[in-house]
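Here it is, the structure in full.
So that you can tell them apart, the chains are marked A, B, C and D in the order they are listed, and the count of residues begins at 1 in each.
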Amino acid sequence: MGGARVSGPATPELTVELAGVRLRNPVLLASGTCGYGEELAPFLDLGELGGIVAKSLSLEPRVGHPPPRIWETPAGMMNAIGLENVGVEAFLKEKLPRLDEGVTVFASVFETEIDRYAEVCRRLSGEERVAGIELNASCPHVEKGGMEFGQDPASLASLVRACRRAADRPLLVKLSPNVTSVAEMARVCEGEGADGVSLINSLQALDVNVETRRPVLRNVLGGLTGPAIRPVALRMVYQVARAVRIPVCGMGGIASGEDAVAFLLCGATAVQVGTANYVNPRAGLEVRDGIETYCRRHGISRVTDLIGALEVP
Amino acid sequence: MSAGPRRVVLRVPGWPGHRPGQFAMLALDPESAHRDPLLARPMAVYRGDASALEFRFKVVGRGTRILGSLTTGSRLGVVGPLGNGFPSLPPASVLVGGGTGIASLYELAAHHSRVRVLLGGKTQEEVLGLEDFEALGVDLQVATEDGSRGHKGLVTDLLEPEPDRTVVACGPTPMMWAAAELCRKAGARCLVSLESPMACGFGICLGCAIPTGAGFRYVCTDGPVFDAEEIRWEELA
Amino acid sequence: MGGARVSGPATPELTVELAGVRLRNPVLLASGTCGYGEELAPFLDLGELGGIVAKSLSLEPRVGHPPPRIWETPAGMMNAIGLENVGVEAFLKEKLPRLDEGVTVFASVFETEIDRYAEVCRRLSGEERVAGIELNASCPHVEKGGMEFGQDPASLASLVRACRRAADRPLLVKLSPNVTSVAEMARVCEGEGADGVSLINSLQALDVNVETRRPVLRNVLGGLTGPAIRPVALRMVYQVARAVRIPVCGMGGIASGEDAVAFLLCGATAVQVGTANYVNPRAGLEVRDGIETYCRRHGISRVTDLIGALEVP
Amino acid sequence: MSAGPRRVVLRVPGWPGHRPGQFAMLALDPESAHRDPLLARPMAVYRGDASALEFRFKVVGRGTRILGSLTTGSRLGVVGPLGNGFPSLPPASVLVGGGTGIASLYELAAHHSRVRVLLGGKTQEEVLGLEDFEALGVDLQVATEDGSRGHKGLVTDLLEPEPDRTVVACGPTPMMWAAAELCRKAGARCLVSLESPMACGFGICLGCAIPTGAGFRYVCTDGPVFDAEEIRWEELA
């Protein structure tokens, strides 16, 4: 890993290699929190980031859940968007071409059946602009698909196997945190030939409006994200990084360079910024800059030196 | 602390200007001493220009409590202007505002001095910006639920839409729905400015979906101003 | 359930029955967050609460983990105290007698082996001052015991079976949230004759000091608690209350009457206040008062009417 | 914002009085507009009585940043007085304070006008409360790392413990450890006032354990003042 460019502590080398994809720096934007990229273009140059993971795609367009879809919680938020998306064809034809060549784009895939997951992967194959595929096997608030696969080792294995066969792109599997052993699930992915794992997706959650005595989300259950979940995410990244040899892409509550460095130290090769983009559309860039500042301050010449460098007593 | 509407005035370097009815997301703590409340709050621009923006709001929860307790020199994160804003209005349009919804209407009224303006609130105190509307010299009528000012009752009691004229309504959902119904029956066009929980305000979270005849549309990017005919009010309420 | 005292909306009836124990009101203080009771006595009259769950007890005194043991996180905190306690004998001889007769006391039990769990239960049996026993099968940061049992259905079943036989007191089992299906674990407890379940214990977590590049807790892993986890706790209480018929004692981030009402609506018969006691030693009483105010405001004459009354579309 | 120490003065109705060296837990937001930062912050009572309490602190993180930005009329949650505080000192005792640790020593010095006081900090500005100690008229010596005031170097450079005399040290752990070592070698008694992360401050979380010869003891209830001999410094550092 690490880049070839000669560099000293003054200009830390930020390139990393994630699942065979060379990234300008270890900061990606998380699926579902950066649209298809173009929505963020007014606020920052996406080419300055490691890349983006576009909103999860299904075979056909999906309409998503009725509102209310989001709710604020202590230091976090809940959502049940329902994986609304334009579908893989419209993504390839309409969305992807609008992004500058310099933007590294991962496609995220979500479906309700293994065959359909594989079919979306097939459609994405051969697409040069798709740097890699992230399988979303972990959405906590859709009736079928998603977390079903992410919570059962055997189903996850079948899913990864089918998509591995269907996809000619580097394949990341996004894991659910709503399991007893996330390390076990990561090992399953490694065993089936995944090139890396991403974690965590949101924690399954519920909140109540006590005045109306109803759940705050129309879908009842939703996914908890944001700073509140960061310590759970870090724990899981730490456990997974020790359990598998494929690279780990860490996320959950990252809002600053320090937050990101914590994930790298726990063993993540790259990180994703999610909820923070909503509060501050330039969050991804600020995280990138924060990592660079950290490296300078600590005399670290290559960001890869941080990966897994946590000192455990 | 009085229960009445509050104001906050911000200097926003680089603000590119805005149209009446657009809004901004106000992040309460850009310096991150607090990570709760986490999300920015959507607020209509009450009035403003490149030198300063004014917002008017009611304290209804934690975010607005914090906004209401800011002191001179406090810093906020501002993303905006956002949303579509109002179109230019034909002559003899009527603006109907209730409670904090009035905040979206002031600049619209200021740009169209020939409009009629109907404002409502629970009490006179809650009729946000009343003095400013008076100073505009527009044709103004007020309704309060407690009768402390003008007509005693709902602001929609004052609304008598005329065919082919335009009504703009902004306020609580039941009030906008009532205005929409009156307009539909009278054959008048009705524009409404909707509210919805928002995480981002600029189209990436898909959180602000509302049900319309054409499927879900987004308050932050397709709105907040919609033609009332588009909205599936039964599902919204 | 519900009390016998005649009451109208003006003075709501707050008594509930939890696992056969009649509680003055549905608010208990959580194990590990109210010491052995006496520490809180300067701040409030414990007799005005539903009761307290004392710090988890083992057969012998336990020393606990080396510091740092606690750390603040976004809207929450992490701890790895290591279940330090005076041991069951000292509890019965020295701690329990210091509490006023009017205080309802649950004993919590934690051990490293099933036999030892059962032995502590046996020692507590016949003790009139012990209203009930809560089995802590879910501590996320001790090497042996605790979560081991709480994460595996078969081990949990053996544990509950052994303790059920050993204990003549009402038995609550405290569940771990670090599982794929908390409902399944609750069903196991019900099947083995538990009188109720308590949830949630803390979420397993890790945080990093990026300046020292070390975990913030000496034990590396710790348990996340406080408002941050409330939506996860509510979801689990909701799922468990629909899965079993035994009563549920809910907790996780409760700091106000409204927070508590949300748990009742999701199906909890009583609640526990934990981390909030640290920030405000009168938190338990304020939660109780908040529930009463809520009932008055909504014309609810018996708090039991709230239990499970969530309106789900 | 200057980097120097700050102060906050609170009116605490019902405050029962305190001994020098006791502390309080300050909850930053008792009205819960923010649920982050969550925990209260431990702070030594700098000085005070039933009418007002003064705290002195340095801005080192989010909690102290918030404390430092409070305006007149702000409300805090206060739990205290907590901890054991200092015992009465024998004549000719020496107080050694570094940085914010000095805050624990002011009232002790005020109660014992015959003590010798050694204060240190990185710069003169960081020697908290210097003017107040000067006003006490005690025998005072100052050390600063940059030499901006008094001896250039560490405050422990100034410490020459005498057998059977008492030294009280409060400051960064390495400074207290150094003082403890000097005292041990000289046969002097050394008291230290320790810091530790705290969730509760009154004995229910068991979070503030420190390693001593007699096993773990608790900074909030057994301390913060300990005999330096008890502490297992190697494990603490």
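Following the convention adopted for this analysis, a contact is a pair of C-beta atoms (placed from the backbone, for glycine too) under 8 Å apart; a residue touches a chain by one contact, two chains touch by 3 or more.
Everything numeric here is computed off the predicted structure, so don't read it as measured data.
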{"item": "Given chain B and chain D, the chains that contact each of them", "value": "A, C"}
{"item": "Separation of chain B from chain C, taking each centre as the mean of its C-alpha atoms, in whole Å", "value": "45"}
{"item": "Length of the line joining the C-alpha centres of chain A and chain B, rounded to whole Å", "value": "36"}
{"item": "Shared interface positions of chain A, touching two or more other chains", "value": "74-76, 226-227"}
{"item": "Of all residues in chain B, the ones touching two or more other chains", "value": "32, 35-37"}
{"item": "Chain-level touch network, classified as line, ring, star, complete or other", "value": "complete"}
{"item": "Chain D to chain B touching residues, read off their complex", "value": "32-37, 62, 65-66, 69, 71"}
{"item": "Sites on chain B touched by chain C in the complex", "value": "35-36"}
{"item": "Chain A residues within the chain D interface of the complex", "value": "74-75, 227"}
{"item": "Residues of chain A touching chain C in the complex", "value": "73-76, 78, 151, 178-181, 203-208, 210, 212-215, 218, 220-221, 224, 226-232, 234-235, 238, 253, 258, 261-262, 265-266, 294, 309-313"}
{"item": "Interfacial residue positions of chain B with respect to chain A in the complex", "value": "27, 30, 32, 35-40, 77, 79, 196-200, 202-211, 215-216, 235"}
